[in-house]
Amino acid sequence: MGIKTKHEYIESLRQLKPTVYMFGEKIENVVDNPRLKAGIEATAATYELAEIPEYRDLLVTQSSLINEAVNRFTLPPGSIQDLVARVKINRTLGNWVGTCHQRCTGLDCLSALSIVTYDIDQKYHTPYYARFIDFLKTVQKNDLTANAGVTDVKGDRSLSPKEQPDPDVYLHVVEKRDDGIVVRGAKAHQTGSLSSHEIIVLPTRALRKGEEDFALAFAVPADAPGLIHVVGRSSLDTRELDGWDCGNLRYSKYCPTIIFDNVFIPWQRVFMCGQVEFAQEMVARFSAFHRQSHGGCKSGKIDCMAGAALTMMDYNGTAKAGHLKQKVIDMIHRAETLYGCSLAASYEGHKEPSGTYFIDPVLANASKIHEGREMAEAIRLMIDVAGGFVADLPSERDLHHQIIGPLIKKYLKGASDVSTENRMKMYRLIEKMAMESADTISDIHGGGSPEAHRITIFRESNIDAKKKAAKRLAGIVDA
Amino acid sequence: MGIKTKHEYIESLRQLKPTVYMFGEKIENVVDNPRLKAGIEATAATYELAEIPEYRDLLVTQSSLINEAVNRFTLPPGSIQDLVARVKINRTLGNWVGTCHQRCTGLDCLSALSIVTYDIDQKYHTPYYARFIDFLKTVQKNDLTANAGVTDVKGDRSLSPKEQPDPDVYLHVVEKRDDGIVVRGAKAHQTGSLSSHEIIVLPTRALRKGEEDFALAFAVPADAPGLIHVVGRSSLDTRELDGWDCGNLRYSKYCPTIIFDNVFIPWQRVFMCGQVEFAQEMVARFSAFHRQSHGGCKSGKIDCMAGAALTMMDYNGTAKAGHLKQKVIDMIHRAETLYGCSLAASYEGHKEPSGTYFIDPVLANASKIHEGREMAEAIRLMIDVAGGFVADLPSERDLHHQIIGPLIKKYLKGASDVSTENRMKMYRLIEKMAMESADTISDIHGGGSPEAHRITIFRESNIDAKKKAAKRLAGIVDA
Amino acid sequence: MGIKTKHEYIESLRQLKPTVYMFGEKIENVVDNPRLKAGIEATAATYELAEIPEYRDLLVTQSSLINEAVNRFTLPPGSIQDLVARVKINRTLGNWVGTCHQRCTGLDCLSALSIVTYDIDQKYHTPYYARFIDFLKTVQKNDLTANAGVTDVKGDRSLSPKEQPDPDVYLHVVEKRDDGIVVRGAKAHQTGSLSSHEIIVLPTRALRKGEEDFALAFAVPADAPGLIHVVGRSSLDTRELDGWDCGNLRYSKYCPTIIFDNVFIPWQRVFMCGQVEFAQEMVARFSAFHRQSHGGCKSGKIDCMAGAALTMMDYNGTAKAGHLKQKVIDMIHRAETLYGCSLAASYEGHKEPSGTYFIDPVLANASKIHEGREMAEAIRLMIDVAGGFVADLPSERDLHHQIIGPLIKKYLKGASDVSTENRMKMYRLIEKMAMESADTISDIHGGGSPEAHRITIFRESNIDAKKKAAKRLAGIVDA
Amino acid sequence: MGIKTKHEYIESLRQLKPTVYMFGEKIENVVDNPRLKAGIEATAATYELAEIPEYRDLLVTQSSLINEAVNRFTLPPGSIQDLVARVKINRTLGNWVGTCHQRCTGLDCLSALSIVTYDIDQKYHTPYYARFIDFLKTVQKNDLTANAGVTDVKGDRSLSPKEQPDPDVYLHVVEKRDDGIVVRGAKAHQTGSLSSHEIIVLPTRALRKGEEDFALAFAVPADAPGLIHVVGRSSLDTRELDGWDCGNLRYSKYCPTIIFDNVFIPWQRVFMCGQVEFAQEMVARFSAFHRQSHGGCKSGKIDCMAGAALTMMDYNGTAKAGHLKQKVIDMIHRAETLYGCSLAASYEGHKEPSGTYFIDPVLANASKIHEGREMAEAIRLMIDVAGGFVADLPSERDLHHQIIGPLIKKYLKGASDVSTENRMKMYRLIEKMAMESADTISDIHGGGSPEAHRITIFRESNIDAKKKAAKRLAGIVDA
């Protein structure tokens, strides 16, 4: 059946045995590790909401592929309605978890593959689309979570893949066998790779003739032999590890680097191998979908940040300060801008040859350009509204300390109808939403760098029509 | 028949005999006055495009009210598709005329009336909706243009209408007769009032008990006795009057103040009279529609400005300057932001009790807030790209002067494949799009002041849901 | 004696017989032409203030060169105090005239020449510095106004001077004679050229070997034979010409293009001829001084705009609106930013080999980068505060019209203690300060394009010191 | 003698026995605690630089009070040169430590006291100034560091001190004795309180009649009985505690809350007690000085961030990417803006009755308003330039791990001439400068909230002069 419960999801992860290092130690139990658990919980919310009647219709739909109800995170968009649902689900989830739920990237990969494998086959009569559909059925039937192995570590960025001193800085085929391929390389910023059953690998950039070995797309289980997850550090990562001052009591985010140390991929899971001219297409489709996703989840996170700012105004006794209300309006305005452009990109989508729907890339990138700048501003505004304790709030251990605790309770009291404990909790949540690097850096770099979004918006705009309109009004007749 | 040609439209205006003053003189022939004609041409474009096959489907639709094809500018939205069409038509027209086409405000009034007259009738069993539908049929059958008599001159803004020393600064009933009412007052910023057949008057603000005489909505022919149009000055107004250096060779904009010097309105054209609690509703609906309209036309104007900037790069020999291309991207990004939020507001619309569709006000206001700031920035960027001659280009009279002309031609030459004349024309268009006050001030104040948009976005947002989400994550249980 | 009265200044201009075209006509009487007169009045303010006791000490100082009191606009800075005085005078004047006073560019040229002619002489034993000092004495003794002939018309900007199809698009020597040189070319954006006694020409860009003929600096009387001023159009230029609705009742700005149609320059007035490697130096020094000047005058203009906004709040009855006050603060903040950076650039100046003081170029450019963006924003804020009548205020001819006048007076009334006439005058001034292209475009392009300011700030910063500091903290030891 | 070495400074702190809690535990050894030590090192840099010949002249000057050489951090400004030196020292130190050096607040208190105690005495014949001078001599002779006990915890911010349910949320006198006073309350955001010998307490806001007990200024040793430092959490606080992945290998920042649990202050150290009308003056002077300080140190921090961004471009192979260079220019521009306004505020300072020099408050606040917004933007730009590893770089423990280490070294390699270790170190420093909450929140809230800066700039501007200038130009003669 195509829908897992949250409990089933977590238990299914428990069956996996990935190779994981974190902070210089090998991690044997991923699911119960407090740092990783908080991240898994965020992805688990995508399962949990499908169980809650209020949200079920948003999350669950029928798959015509397997003729079963499925979680939308396993469904490449087959209609405008599906495109729109992606944005609304992401906004709901962004608000629900107050961080990244980490499941969108897998769907963005599935969506890109469902377009491009078809296009490659049309040109080369390759078997990629059929293989992909086979894989997709597995994903849907088992309600799997996948993660996007897109960003190569890249080495010296002024050099193309084949110019690199060490070619392994871009993932590539090192051996082709009868039963499959062996790949080597590393993918960075693998948000949620340990919350995933599968890693879906796509190329990270345009490729040229001679770079066939880098033109690769495939899926591989997160615990495949040779695949090593190295969980990176983030600013607040010890909070969950220590178990206190977490801020967000339920959810968090983590981002490993995944090393592919000679990993075997059976042909049945290889969705592109060598078609260099489709590498750009693959990453562009993925990125466009991913930028659309951000327009949803990040506006949802601002919703939650605005809620935190407003609550803190209640707690501080500043609910009537006009200039603070103006700042909250500035936050809301930013949320609606991300959301509006992302929604519009969805409503203005169209059908690709494979039957999958694709969003309007100009509007999706318009949303993402705002994100790169405006999330930082929304965070700044939240801090401005909340006050200086975002920087230096005493620990909850101090609050519960026998000697110092009563003094903390006395002196950190705000409005008389609010307990010091609640005020401290809200400050801690604001700290988490503002200062968790695993979260905030993706506002800038998620879905490609800001410059990539700008280049895309120019390339996809109709420049000639714009010039023509101006010339007509100026009375200029081109020769 | 419900569709006028451009020619029929202009001839129909010629039949009207409005009372008009401009620059201290009485104007007898409006249609052929060069200053006013350029504005009328902009509105005429809404008729002209309906004649051009490429645009006909965008502009023309079937009215179920009169069972005829009608121009969409006479059709209150009856579906999501109608809401979306409004934005797309406006973007097309904004790009086509490079200024304000001036016909949206009438439709925005019709749309607001089609919702609120119904609501009033539901409460008070008044006959407003039926009267309005009767008027609407006339508008559709004759493809009329209307303009929005919304903004009262307001006197001392710290005082409410009834507190004003001179009550006439808010338009109000001065006499009720058996056959109708007599009204007095003045409406400012009446863009396109002389391009219109009808003036539709709505209240400009919320009203309270005791202010019944100000709670007025009605329609009146643009040449009704006692109605006086005083065309205001705009920065480039003498260019059309003198007939050279116009910049935009086809279109322009003008904005009269209309004085209602004891104007009689028959009851059949009165759509609200005395229901103070609906005044706010009326202006809020109008404003929301109007802010949505702006998201279309202003993005279309940026399209045209980006085209002008890009053309000037060709003409100046700066087409390869990376920093200028970045500035054009910044312009395009702004256009897409206005458009995206406005489109999203349309797709997320809903049906009101009367059957008319209403847009999402939060998203519509998000678009307008951007306009207030970003149009100025888009203009600044266009000037930056184009260069200093936006300020001080010699006149076309100099270009054609026997002695100085050849020197101008020689010294204002840019890229060798472009004539000096064309380069000067493009500079002149850019000057027009950047410096025409009739146009640019409406980026800020059109559809209400920026502060109004901000207040609306806050009022229409679900503040409690935002707080609740934050508290859940912080682990706060409200008592 | 070194100080002219305002009256003497205007009479001295009357003695000049420049060749002038404006709007396709030859202008014989410059001083009494209403359009040009308003600009001349702005420059005359630099003489007038020297007569007013309150400002005399600011404007007048002792010249050690001629041992007389001189107007500071004839004095290259010989001390930090002189540098600072430049900024303060400009702020005072910007506020006093509410536009550009047009006399700074000449001083900026004198200041650049007083540094670079000395440096050239040191290298080449040329006689430039002595000639310049001789010219400077004349300027000081006669309290002359000069204007900066810097910006060539440039033709195709992707080509260097010698690559141009028509070499005349960069001013150059066409003949060298025993008694002097003959030059041909054209200089654009010659703000105040008809308010000047002398035109000082500098090169507009860096030059390379082979471009010696373009490496030119000299002074020439504004009415020299062959020198033709073509006054360009600006957005509000007909207001002064018609004599009503001027907005700023006293001052305005105009910008000719000057064509040098084989103009003879005696050697005694040639300050550089052929030293290509000093061309960049010459324009860089001029630009840096000019950017510093802008930091003064433009902050003064914002002062005046803030005053207009605040007055309009009084007149509209909105003096207590918190959000409008916030916008005025945003305006003031921008003024202080321009001023602060420009002042700091002055205080941090240093002595050059010639004895002239030069400002800190990084800080001067920091000020100018802000101007390019923030003046537009300050104007937008002023319009936002003032209201929509900036776009479309009825003419003062309407106000004084027998029939329509009383109605205008009645309906444009604001606060009860303010006459309609005064309110209209203030709206008209705001329109002038916001929409006069001759003024506002120089906020962006004056002193070189925004990109030029950015490149300068990078080039003049100590990049290596910055890297070194970061490496030290990261614990990186460079090999 | 008035100059301590760095070593002497640290040893002098070792003599103190403050009461300290951190993360729920009592800390007995402050100086060797790794978390606190990194902060103390930052303050120690103010001593260290005084020992380095290159910086000695910047840091050390002669005190006319004790007739000895002193560190400038003990010297209230007695000249314009002293004011300027403050900014330059802070910029140097901000760049040197890449964080907050934490010693400016004490000097800002000394500077405020040296003005206001004199003014109080002039009015009331109190002995405050003499006591203050006596204290200042001690500070200078012993080269002491002080910290600013200004920000009360404030309770419900909608209530004034005497309206609070618990009056202790504003520090106040609870007992007056012959030998001194006993005070109770708490001060938040006490940056560097454990790096200080003395805590200087000032009131945090304006006070009214009836609030005499809150109108308090005094100095108290950091280890006085009853005084409890509770070190708050900051985002990266466990990095120093664990001793790896610190980013900034030398310096950090921490911020305790200090609780005054019935602390006795002898009269000789009381500098104000009860003069409510001077409370506002005291905090305003302190804040103005502190905002000026920020203009220095924060521009220095941006210098260091720009250096880190540029270095990372070298390491990533992106040194030639034009759009990244533009972003570094945007960073530098911001640094110069803060610096320029702060410098100008200093050069435009003036002498107060006591002989101390005070800065121009409008320009100082202009600098601080920029800081509140632009530091966040500079950080965002640095992250944009550096790339995604700011979020999730593997730990240095991973780098040194036997198994995973070599793979990390291989895959995180950038440009071939840079070791992976150095690249990781630079990423870690960037993470520290971007994500350390103890640092970044003070960009917004340090020296009072952004709204406070705005109100100040308005209050201190000459509003009437601005209005008058506008009216003159509009031709308005006030009755």
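By written order: A, B, C and D. Residues from 1 in each chain.
Methods note: contacts are C-beta pairs under 8 Å (C-beta built on N, C-alpha and C of every residue); 3 or more make two chains touch, one makes a residue touch a chain.
Predicted model, so just to flag it, every value in this text is computed and none were measured.
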Where chain A and chain B overlap in contact partners, by chain label: C, D
Chain pair with the higher count of C-beta pairs in contact (B-C, B-D): B-C
Chain centre separation in whole Å, for chain D relative to chain B (CA means): 51
Between chain D and chain C, distance of the C-alpha-averaged centres to the nearest whole Å: 40
Intercentroid distance (Cα basis), chain C paired with chain B, Å: 37
Touching two or more other chains - residues of chain B: 323, 326, 454
Complex contact set, residues of chain B against chain D: 322-323, 326
Chain A contact footprint on chain B (complex, rising order): 84, 95-98, 247-251, 303-308, 310-311, 314, 325-326, 328-329, 332-333, 336-337, 339-345, 347-348, 362-363, 366-367, 369-370, 422, 425-426, 428-429, 454, 457-458, 461, 463, 465-476
Footprint of chain B on chain C - complex, ascending: 21-26, 151, 153, 155-159, 165-166, 168-169, 185-186, 188-189, 228, 230-236, 238, 242, 245, 254-257, 259, 261, 316-321, 323, 372-373, 376-377, 379-380, 383-384, 387-395, 397-398, 400-401, 403-404, 407-408, 410-416, 431, 434-435, 437-438, 440-442, 444-445, 449-451, 454
